[in-house]
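Got a structure here, written out as structure tokens. Questions coming.
For reference, chains read A, B and C in written order, and residue numbers begin at 1 within each chain.
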Amino acid sequence: MIHRHPFSRRALLGGAAGALALPALRPALAQNSGPIRVGVLHSLSGTMAISETALRDTVLMMVEDQNRKGGILGRKLEAVVVDPASNWPLFAEKARELLQVHKVDVTFGCWTSVSRKSVLPVFEELNGLLFYPVQYEGEEQSRNVFYTGAAPNQQAIPAVDYLMSDDGGSARRIALLGTDYVYPRTTNRILRAFLNSKGIADADILEEYTPFGHSDWQGIVSRVKTFASQGKKTAIVSTINGDANVPFYRELGNQGIKAEDIPSVAFSVGEEELAGIDTKPLVGHLAAWNYFMSVEGPANAEFKQMWASYIKNPKRVTNDPMEATYTGFRMWAQAVTQARTTAVDAVRTAMYGQKVAAPSGYTEQMWENHHLSKPVMIGEIQEDGQFSIVHKTADAIRAENWSPFIPENANRAKAG
Amino acid sequence: MSATTAETPRLRPTRALILRGLLLAGLLILALLPLLNRLPPDHALHASDFIVSVSGKWMCYAMLALAIDLAWGYAGILSLGHGAFFALGGYAIGMHLMRLIGPRGVYGHPVLPDFMVFLGWTELPWYWWGFQFFPFALLMALAVPGLLAGLLGWLAFRSRITGVYLSIITQAMTYALMLAFFRNDMGFGGNNGFTDFKELLGMKLNTAGARAALFYAALLSLSGAVLLCRHLTRSKLGRVLVAVRDAESRVRFLGYSTVSVKLSVFVLSAMLAGLGGALYVPLVGIINPGEFSPGNSIEAVIWVAVGGRGTLVGALLGAFSVNAVKTWLTSFAPDLWLFALGGLFVAVTLFLPRGLIGLMRKGEER
Amino acid sequence: MRVLCLVMALFLLLAAPLRAQDRFETLAAGLSGGFGAQVETVERLGALGDARALPLLQALGEGRLQKRADGTLLLEQDGTVVEAVAGTPAAPGETVRINNRVRAALRGALGRLQLVAPQEGARLQAADGLFRSRSADNIPLLEQALAREAAPLVRARMELALAASRLVAADEAARRQGIEILSGSGSAEARSLLLEARAANPALAAPIDAAIAAIDARLQIRQAAETVFQGLSLGSILLLAALGLAITFGVMGIINMAHGEMVMLGAYTTVMVQEGFRGVPWLAPWSLPVSVPAAFLVTAAVGVALERGLIRHLYGRPLETLLMTFGVGMILQQAVRLLFGAQNREVVSPAWMQGTLALPGDITVTQNRLWIILFALVVLGLAVAAIRFTRFGLEMRAVVQNRRIAATMGIRTGRVDAMTFAFGSGIAGMAGVALSQVDNVSPNLGTGYIIDSFMVVVFGGVGSLAGTMIGAFTLGIVNKLLEPWAGAVLAKIAVLVGIMLFIQRRPKGLFALKGRAAEQ
């Protein structure tokens, strides 16, 4: 059920005339009757569509599922889908439209950090509620956002710890390769501090950044090979963003870098990204997430079954941000049921301490820092494009969204 | 530019009056919007917060369209890099807004913006000096685009690079700037750019009052820009401009320095775009390198084409109507809006070479 | 074959002292244990040298080893499952998982077991495996294998493996010998091994340093050669992307902003052909070669439709064409996104395009990029030939030079326009086939190449295919030369600014077309 707003046709006249007609946009119905409106703020066109369309589908699937169960509080759910088109100022405009024109009760959306930063002031000003489902760099906590993806300590640090362990190959030299934006920069800063604390000198760390969509990896892969020829076991930690991964992995495979020699662990490569690559030359390279499609257990079986019957395409996979969307949606539904209203302040309070048996196979809990506790899993790429889980934590780990490895966070605490 | 499209707008008085009336009515409605916003929500003429905020943004786009129209419609310089001037103006004000955050940032650093703190910078780079003063930032928002346009224009016009070549070079310029601003090492916040602004000129942003003030600032600037362009295009310089557009070599042979004519209008156009960007940033609350993307500049040129180049009203009409359609369609038909918008661009270039304004003029010239 | 295996088994039995508890059957059971147990088992099986271990270890490495709940190992081969030790048919069990540590151990163990295998490829792999897993225990094994080895390539690798193993020998003379041999190689791995040895042998620092210096000298030459290759490769991609544009823009003066989308359609044609062929085993390896003409035809057809339906109405108004084709590009992109999904599509590389090719002097180049360079040159050659030597080419040149006179000579100029545009679009489609091998196949594929293509054409000189080629390769190589010290982004910015300044000096590009056509 996609809500379509009955926009005045006169708006088509455009220009000044359009501006006159636009006030005719009536604010939607009052808050406590009629359907519950669920905003979906994911890019359906432009560069991020590649990742975000699957999340739109996930939210629509959850809405359909919830309606089949009779909705929430006896009210049906209604999804309002908009396309912010991978354009960051447009994200802010669409967020405002969702909140003010469509009067949504909750919004699921954003992928990139910059899109989240762009809508943040809008959600704070209008007291909206946003569920953000992607792993990110941390260093943020808004009372209007619930972060259901991983903070750096729930992904990056355990992954590097694993690379340095006996099982992971006892790496003592680390190449940090990333796309030049805030998530890799921050994550690598945290990792450098962590590696230093483990006795790895700066000389044994290589940090390289490339632009978005970088497609010519020849030079950098050669440089990594040279970096690896210094007599110490070397590993790659990749924070390369979505699109650039396919050419990167192709180059890795073609230049004959085997996982046994130089393993790489990625934080942004999941099942969906692997669907676009021939994975045979990549078997053994690693990724760290809080969920893999290959997790065994009843919750994941239900999730996968639901996805398969919704999307009706056997080739489409599930991945970590989809699982985070699923878990966040379940949690929000529970919180609304418990609060007996969709009012943001009441739902926010009800969210704290909410628990869901997530598809990851662990019970994940929402804490007062607006972040989920999540398990950390390390998976090895397999020939079929899936991950074989080679390591996972015993429990779900609480998020440290303010990293102790960033010294300025001490000042922040003082400043209050 | 071929000679076939070279008519100067010569309208019958009544048509000209209609156009002028349309322009005035449009500006008047815009001026009333924040007041209509104060009406109770169930009043028939109530303008929602969303409309007020989104039309503020459209006014900034309209200034960009005006700037492009001045260069393209009147002087025949099709720049596919005007988005860059817009963005540079935005960055200048963005830097001011970042400096105003001061110790209210996440890390509480008295001087450095948050992104510099967590990249481990300890000192403010020299090119950030002075931006704590609003007049300086505003001056930079005009001067930086102006200087860049001056340099590029001087290089290009002097070697008589025109038409398509100029378009491709300006496109390369905005692309190079985009790549540069994406780099975190540049000190402009990389991909995230600037966000989380707190105040401007003592006003707390993200309040209804600040939004209304910014709205009127944009309206005043837009009206001023329209008046300036109107004056300019009706002056002697305006006639020379049109002559340059239609037959540059003849104008040169008549003894005019076409380089300086083109250069001055190109610089002015860039500064206008910069001013639009400067107003845009506090209104939308974010500036980032995506504004430099070549697609944005092309889209802005298309607004002008849709409205009708060579007339000032056309540029404004184009900017408002295309953006209104885009805002509407991205919600109404999120999967299909690109077809509609792309189809609109194709249809306008094919069937309405003079844009929507051309519709009004049909009949009188044939 | 069987005899050879027996000989080999005997051989290994002699080489590795058999420990009493190391019985094959009891040992093999350890393969189903945890990763730690697996590593130990693999190492022991390698040392034990029982030929029966070979299929088991191979299966483990290839994900064909399974286990039943009771721990019995099963072997899967072409869909049928048998009990690993007994060989009796069985029901499929759960696949035994391994990790990188097990893989590394497997490489060493398989190396020992396959050093005297009958296939040259297997022996080569074995030698490489032993080179990486180096252990003093392997020295006698390698010496004996070397004595019997005839193939020069395998001998060279075995010598390196032997040298690497000697580096960790107890005997100092052997270590010196190892250093000596390794100093003759030019590989980064050998350098790494030497550095490792240096830390362990302070006494041998001097010869090791000398060896490293020798390797470094060779590595430097090698890296310079590889940088040039990388530049050529980047240049060939630029050339492919720009060639179609050189025809539509350079020859016809049409600014086609949907050019990138033509490239993207070519890449999607590759995906479609591959999926169509997937069901037919004998056709599957041919999917890529077949994609080339298929992509040409598909994009040429789209080109004709575009030219006849839309662009034709805008001749003489290049800037309007630019705006219109931008709209067309938006539509094509979204159409592909709705039809094929926004996600990346997988394109499998054929075996002959994977891996590296070793050239003299230890220079290695990646196969796929080598093929793309060749492909780009072939496409360029075909385009030039078509323009020079065919009737269509003649008519095209006539129309470009003087449309009216061409028309009076009986040339159907409209048809020539359509064909020329189709030709340029078709070349863009072929570029898409090549790009599908190095980049994402997604609806956004084309956007990344459009500006670069325009720059190449303008830099090379509008209307000159030779200029386009030289422009593309120059930009590619300059970019790669700048990259090591400026970084990828700054290098690209520098190249862009360089072109802008260059055009300012020479507005018509490297190779200016003379005559009427150049004046448009």
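Everything that follows uses one rule, which is that a contact is a pair of C-beta atoms (placed from the backbone, for glycine too) under 8 Å apart; a residue touches a chain by one contact, two chains touch by 3 or more.
Going by UniProt, the chains are B = Urea ABC transporter permease subunit UrtC.
Just so we're clear, the structure is a prediction, and the values are computed from it rather than from any experiment.
Engineer: Work out per-chain C-alpha centres and flag the one nearest the whole-protein C-alpha centre.
Structural biologist: Chain nearest the overall C-alpha centroid, as shown: A.
Engineer: What's the farthest chain from chain B if centres are computed as the mean of the Cα atoms?
Structural biologist: Greatest centre separation from chain B goes to chain C.
Engineer: On a C-alpha centroid basis, what's the spacing between chain B and chain C, in Å?
Structural biologist: 44
Engineer: Please report how many Å separate the Cα centroid of chain A from that of chain B, as a whole number.
Structural biologist: 34
Engineer: Going through chain B residue by residue, note those that touch at least 2 other chains and give them in order.
Structural biologist: Where chain B meets two or more other chains at a single residue, that happens at 179, 182-183, 335, 338.
Engineer: Which positions in chain A touch two or more other chains at once?
Structural biologist: Touching at least two other chains: 44-45, 180, 209, 211.
Engineer: Identify all positions of chain C at which a residue touches two or more other chains, and write them in rising order.
Structural biologist: If we look for residues of chain C contacting two or more partner chains, we find 333-334, 489, 492.
Engineer: In the complex formed with chain C, which residues of chain B make contact?
Structural biologist: So the residues of chain B touching chain C come out as 1-2, 4-5, 78, 155-156, 158-161, 163-165, 167-169, 171-173, 175-176, 179-180, 182-183, 294-295, 298, 301-302, 305, 335-336, 338-339, 341-346, 349-350, 353.
Engineer: Contact residues on chain C for chain A in the complex?
Structural biologist: Counting only chain C, the residues touching chain A are 35-36, 63, 97, 99-101, 103-104, 107, 132, 188-189, 191-196, 198-199, 219, 223, 226-227, 230, 233-234, 237, 333-334, 337, 341-349, 354-356, 364, 366-369, 437-444, 448, 480, 483-484, 487-489, 492.
Engineer: Give every residue of chain B touching chain A within the complex, in rising order.
Structural biologist: Listed in rising order, the residues are 22, 25-27, 29-30, 33, 36, 41, 45-51, 53-55, 57-58, 103, 106-109, 115, 117-120, 179, 182-184, 190-193, 195-197, 205-206, 284-286, 288, 290-291, 307, 316-317, 320-322, 324-325, 327-328, 330-332, 334-335, 337-338, 356.
Engineer: In the complex, go through chain A and note every residue touching chain B.
Structural biologist: The touching residues are 4-5, 7, 11-20, 22-23, 25, 27, 44-45, 80-85, 87-90, 92-94, 96-97, 100-102, 112-114, 117-118, 120-122, 124-125, 139-140, 180-182, 185-186, 189, 209, 211-212, 406, 408-409, 411-412, 414-415.
Engineer: Going by the contact rule at the top, pick out the chain A residues touching chain C in the complex.
Structural biologist: Chain A reaches chain C through residues 44-47, 49-50, 53-54, 166-169, 180, 208-211, 213-216, 218-220, 222-223, 225-226, 228-232, 243, 246-247, 250-251, 253-256, 259-261, 263, 272-273, 275-278, 281, 284, 380, 382-383, 388, 390.
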